[in-house]
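Here chain A shows up in two complexes: once beside chain B, once beside chain C.
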Partner chain A sequence: MSQQLNPHPKSLPQNEGVISNQNRSSSLPVEEGAGGRGKNSRTVLNVEKLRIHYATPQGDVIAVSDISFNLYEGETLGLVGESGCGKSTTAYGILQLVQPPGYIVNGSIEVDGTEVLNLDEEELRKFRWTGLSLIPQGAMNSLNPTMRVKDQIIDVIESHEGKQKDREALRERIFSLFQNVGLPNRIYNMYPHELSGGMKQRVCIAMAVALNPTVVIADEATSALDVVVQRIVAQTLISVKDDIGVSLIVIGHDMGLLAQIVDRIAVMYAGKMVEIAPVENVYAKPLHPYTQLLIDSIPSIKERKPLKITEGITHDPRNPPSGCIFRLRCPFAWQHCAEVEPPQIMMDDLHEVACHLYDEHFAERRANALATIANS
Partner chain B sequence: MPSPLLQIRDATKIYYSGGFLGQKKSVVALDNFNMTIGGSPATITTIAGESGSGKTTLANLVLGFIKLTSGRIIFDGEDITDMDSDQLKAYRRNVQAVFQDPFGVYNPFYRIDHVFDLVNRHFSLSDNQSEYRDMVEAGLNVVGLYGEDVLRKYPHQLSGGQRQRIMMARAYMIKPKLIVADEPVSMVDASLRASILDAMLRLRDEHGISFLYITHDLSTAYQIGDEIYMLYQGTTAERGTAVDVIDSPQHPYVQLLIDSVPVPDPTDKWDVNISLPSEEEMRTAAAQGCRYYPRCPHRMDKCLEEQPPLFMMEKPKHEAACYLYEEREVAPQELSLVENRPKSIAAISSRSRNRERIAAAVLIILGFALGVIIALNREPEIEVRTVVETVIVTAVVTPQEAVATATAMPTDVPEPEPAAEEVIAPKFVIERDGAADKGSITWGEDTVGEIESADDRHRYRLAGIAGETVGIKLITGGRGLSGTGFFSPLMTIYAPDGSIVFAFDSARRSNSGELTFGATGAYEVLLGADDRGRGVDAYTITIEGEKPEPTPLPTLVPPDFVIEREGAVDKGAIVLGEDMVDEIQSADDRHSYSFEGVAGSTVEIKLITGGRGLSGTGFFAPLATIYAPDGSIVFAFDSARRSNRGTFTFAETGSYAVLLGADERGRGVDAYTITFTAADG
Partner chain C sequence: MGGISLNYLVRRLLVFFLTLWVAATLIFIIPRLAPGDPIAAMVARLSYQAGFVEDSNAIIEGWKERFGLNDPVYVQYVRFLGGLLQGDLGYSMARFPATVTELVGRALPWTIGLVGVATVIFFVVGNLCGALLAWNRTPRLVKVMIPMSMIFTSIPPLLAGLLLSYTFAFLLGWFPQTYSYGFGMTPALTLEFVLNVIHHGTLPAMAIVLVTFGYWALGMRGMMVTIEGEDYMILAQAKGLKPFYVLYRYMIRNAILPQMTALAVSIGTLVNGVVLVEVIFNYNGMGTLIVTALREQDFGLIQGTAFILITTSALAVLIIDLSYPLIDPRISLEGR
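Up next, the complex of A and B:
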């Protein structure tokens, strides 16, 4: 049943690494989609075996290690993990914005049937912001301080659609973008420094959706904001998503915020995808020991509970441990985990997890582990 | 009853900015704020609020980095505003700090043990090496670390959580009574936060150290905090135990804030969308009334009349400043003031003792009036802070053409100066005008720059010849970070390749040193307030050294950039005329050049980006940035624009700096060509 992933696949068959406990077809059935908003939707983004390295004089650092996931139409997918786990690199990989010395080793990124990795420079330029767009981390610093808000948005539109002759229509279009993101028209002629942080963030959202992209990736789009403003920006994101009908990937580390706005969550650890599941499942019954740790360490304002400290050993990213990437920090690791890399196992409810505990061969071990968790 | 550890009374801090004479703008960062931290048992007191609520101002006031406009801060019975330098040193020993950015506070050049060595040197903890090592080890153990794992490492080799705990260990070694922790966990990953919070709890419970915990994260305050003060625009909206306030918030603002904390439960989602009123509405906030009025769903006419006092809620010590609770009793003012107080405030405090139950309105008006009197008494019209002098060793380059042209060597003087023998020193004169710093930079007889505040940064260039050594002396005055051991650059010297070769920081005891140039080229000196804008009231920087041989003038041709891709790494060269003047190792390399701009002349700038830039995204990512002689950005090219062509007219004559390189986030630039051509005229 269990099957080891080939870390350096030459060819990239679809969904090769996903195996099923229910003898289900290994590729995700399109009509099922995710829970909630993603239901009955088709796949708009399919990432297969994406692998990204950073070249260093001491050898390559594996930033993203053969990760695979889907995004369904109209869905919001959360991508979480600690800093350095590769979540932002994944986003930049999808957008083909990986900077040297980073480079994509292998993988496939399909958006609406278009293989992004096969696009040439000009096609890619056109594809960006119509197929895929990004709300970058620290978006507030992503606006040119010497250009007015309108000029930056006009720049985006004209760089894709050519010079707009009808200036009045262009203006109306920008106003309607402002309306989408809840910005007042008077900022049209303003410079970025005249806006508050939340407003700048919303200008960036407006720019990202200006050309009706299929997929928008928001990289820590709200993390620098106050909690009330963060909520407003998060609401803006979701309402824009619903109004325009884009699919959204939200990269973040705030598990509270993600619980509020996403439909599914993909958890990354040290470049690996360790668990993907509908959001309700992740919070109610996290399967992977790392996800359990992540859920456990969410500080609550509902109940005061003892702090759970887990520093653990972090490995050298150039020289990852054999077998499971998390085994050095995992409370349940045993010999098998050092020998065999866990495959992505498909559980019920579209819940995928990369952990040997969920291999039917080790059901007894799983029962013990669950008992340990229940007792602690 | 044990005397309180820290008392803050009627603390007001007003920042002034800009404007002529009467038109000065002022921002009240803290408004008649009161707080008491008991000494024993040790407690964790949280100050929470959104950015701009005054919480960081409060931290900086308690740390003595800035001074109150009016009011008092009393630590262990002593008013900190009146402390002399010995008392201040003792105070620094008792009140330590842990800051937000677990990377920025470390000098990247030194190993971790340097942090502890600095502490030992400054606070003379122990002369005995083995005893000192034991102290370091004990400090690290308290926060769950071991010396052998961390001491010989460089800051970048540790996780954010480890760096933050080292800051705690460092503070612990000095055995302070209070640690001011300003957002210590906000930049650390969730799964590592608990270790820092646990270190705080252990320092509180096992070592009797109290914390002033500044945060915007209510959930951590809820987990470890004892008392909490919720600030809104410089005033206390609500206070009480963290559990009482967060479980049952009473003030409408605090209710919104707590309701906005995302609940980590997907089955309990936000059911309503919230919005903020427009800025216009926000600006109508009345001068005297409740600060929250423009946003408040429960606002009443009364709220505009005067600021609401703190009313007592059901639970003991739980108080909220809102007229919704007008029928309740006004909380008594804590005014157990100490005897040892400065004369200027004696009048207020003797009165204060009897006014515990006087109606809040009277209190506020009285306090306000007295505050104004104090402010007036305290503020001299113009205080000359310091005169700063810089001698920059420089080769004076005289451009033959009075047109702007790019050159890889510095051209330091604003006007062509034939006398290459004469070393002209820019002179910094900073005067205080009210609370704002005003000043100028003079070069010879001419004023070349204006300083608007101590935050202003200024850039200069000096010509370095490989093998030459210059002596550098930096004298800080005022309330620097001295003694804190934190890194905060006052002067940074960048080599021609953009790498940092010298950094002075306000924490070093002796700020003099030497720099031997590794390569011949234009070195850039950045002078200014420290990175966090803190602690620098005045400084003197002097660079002195052997006058170098005049540098031969390079041929004035535009530099040519050739970048080729070799595998995943960019390789290339910058060619000036026939000579290769620089190598490019990767697209991350940054290069800076300076060129002479003559007021009124125009250059045409063309930038061709190739490769997978951010083109089409519309996001800003500077490829070429031009700085005016005063350091302001006057032109910025970015990789997102389609046509990277423009003309630029110099507003003033002087040395303009151009920074070329990969975009800010280092993304997307495979190759680019930049050509500066002098336009007609």
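Up next, the complex of A and C:
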């Protein structure tokens, strides 16, 4: 059983925290693309200026505000941020699944050169699951309780590839999907309520890769599970990803878990992307003040630390403050932050940050800020 | 898939028979608690109609002897239960020597046919309407039409029956006004007779369907809205399944389960409405029979019809109960 569960034990490093490159089996742009951003890897997903609002009687809530990022082939991107920062909305926006009263205001989502927002209804239906698939947030309730596990996988295959005449081959195909995620064949005829939480989550993973999609989005796929099952599911996720070679977006707020499985981390705050960086950089030298506070707040078993991001006020999401979104809570904010919205500044190949401190004009302030951090 | 264990089946059947026994006992006791003497009342009515009845006391005594009313109550009770076991419901007092079994046997098939067909129709139509009301792809026109057609739900079955009878039988003459088949026809399994029965049954069935389907549509709509918010609906959408497939396999399939429970509960209430509808259309079923029995103070027949109606309802509930594991895989009646 344990062998089945973890066919690629190396794919997940055993040590906690920051990990070395050798332990990661996937080919990363971080490792290869030293000469230029994404030169060696194709961009499979390109999100440009995506903006999503939720309509309320008191005005629109800005859930996602002009977010741009790329996902490279074979890469795992972690999307983190506190609850309500727009991580899941971003994912559902990419999947075209924003539920009313939410709606996409503008933006561009390109998957393998296909502009998702321009697809008509039938094209979108066919594009779903073959282009983008989802591992849902609540795997506990994400399977139809009145359908057998096999039927829920068969229906997605048949609705995209037509009626499968060779039932035996279809069965073998599902068995091999089960094998990928370490599920026993006996669950083939079972109903969801007969499975454990971890098994349901693995069924969702098997389902997500059934059609070999270009991009898989895992929306807090492990948050409802205990740490042991969480680890097994995360391992499964990574090994399946490596087997099939899909690109993966992992949404979560468990920084410890994400550090172990992702290549790059994108940090969101109040609907804005504040920093995108290779995972080592985020933990070793976070640039944005928000990321710094976030990393500083990761609990350690050696010392008790208070959560640092509690100072300052959170703004009303209907009326975001002018300039920088984080300035009300930022320890380094000054006049300029209220006047100009910070652009995404490229620090090095794959490290972007949206903060005025990294503008060359304010190098002096940056030096002071870094000194403050060093002293604290 | 759940199944039914022998143990559960036996226990469920025991409950069923216990229900029947309690019902039979109540039916036996209640008329005997009521003041007055039905036989004396009957003879008094006879003498009122005829002007004079010779030696009425002898007649009363003779009838009491004939019905065994002079025996101690427990002997009557045991005889009553014994009779029930053999399918003997006693005599109709007003139509002596006709037995209750005979009269019920003639009326019951018509009611079961009428109510059965009407139930299937209002359940299917009601749930379908409810599903369409909640589905986000239903044409706007349909979404407006369905609530409008539901105004009949607030009309009592009696009035709906009268309305239909007046419009389609009296004014338009499309359907016959009374009875379950044409006069002069002999019940037989011929196409002509079956069509005739359908022709006669349409209006009463429509009356029942009209006043009930809205209730089911609203219940179904509520369930569908709940289902729409379930996590598996988002996944179904993300999977790019065909919309119609999602409607019936993901939404209706899950929303129908509580509706089945509601159906089992509502069967008892359903009978109430049917009685009145049958009377309006002079349909020769159980409803008309009960009303006749009440009017004629025919205690034997009242007891018999009440018992049969309770038995039929209990049987319907039993069937729905036992079919649960077939429709909801989460319910297994094995090993309980």
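One rule holds in what follows: the second predicted complex is superposed on the first by the 327 of 376 C-alpha atoms of A that agree within 3 Å, B and C clash if a C-alpha of one lies under 4 Å from a C-alpha of the other, contacts with A are read in each partner's own complex, and residues count from 1 in each chain.
Convention: contacts are C-beta pairs under 8 Å (C-beta built on N, C-alpha and C of every residue); 3 or more make two chains touch, one makes a residue touch a chain.
Only a predicted model underlies this, so the values are computations on that prediction, with no experimental measurement involved.
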Overlay on chain A: chain C relative to chain B, clash or fit: clash
Which of chain B and chain C A:Ser300 touches, first, second, both or neither: first
Of chain C and chain B, partner touching more chain A residues: B
Which superposed partner A:Ser133 touches (first chain B, second chain C, both, neither): both
Partner chain in contact with A:Ser142 - chain B first, chain C second, else both or neither: both
Partner chain in contact with A:His193 - chain B first, chain C second, else both or neither: second
Partner chain in contact with A:Pro184 - chain B first, chain C second, else both or neither: first
Partner chain(s) touched by A:Asp155 [first = chain B, second = chain C, both, neither]: both
Which superposed partner A:Gln230 touches (first chain B, second chain C, both, neither): first
Partner chain(s) touched by A:Ala277 [first = chain B, second = chain C, both, neither]: neither
Chain B/chain C common contact set on chain A: 97, 99, 124-126, 128-129, 133-134, 136, 141-147, 155-156, 159-160, 204, 207
Chain C contact footprint on chain A (complex, rising order): 95, 97, 99, 124-130, 133-134, 136-138, 140-148, 155-156, 159-160, 191, 193, 204, 207
Residues on chain B engaged by chain A in the complex (per definition of touch): 50-51, 144, 159-162, 189-195, 197-198, 201, 216-220, 222-224, 243, 246, 256-258, 260-267, 269-270, 273-276, 278-279, 565, 567-570, 586-588, 611-612, 614-622, 633-636, 638, 640-642, 662, 664-670
Touch list for chain A against partner chain B, complex: 55, 82-83, 92, 96-103, 121, 124-126, 128-129, 133-134, 136, 141-147, 152-153, 155-156, 158-160, 182, 184, 196-197, 204, 207, 210, 226-232, 234-235, 239, 253-260, 279-280, 282-283, 293-295, 297-302, 304-305, 307-311, 314
Chain A-touching residues of chain C, taken from the complex the two chains share: 1, 230-232, 234-243, 245, 249-250, 253-254, 257, 328-330
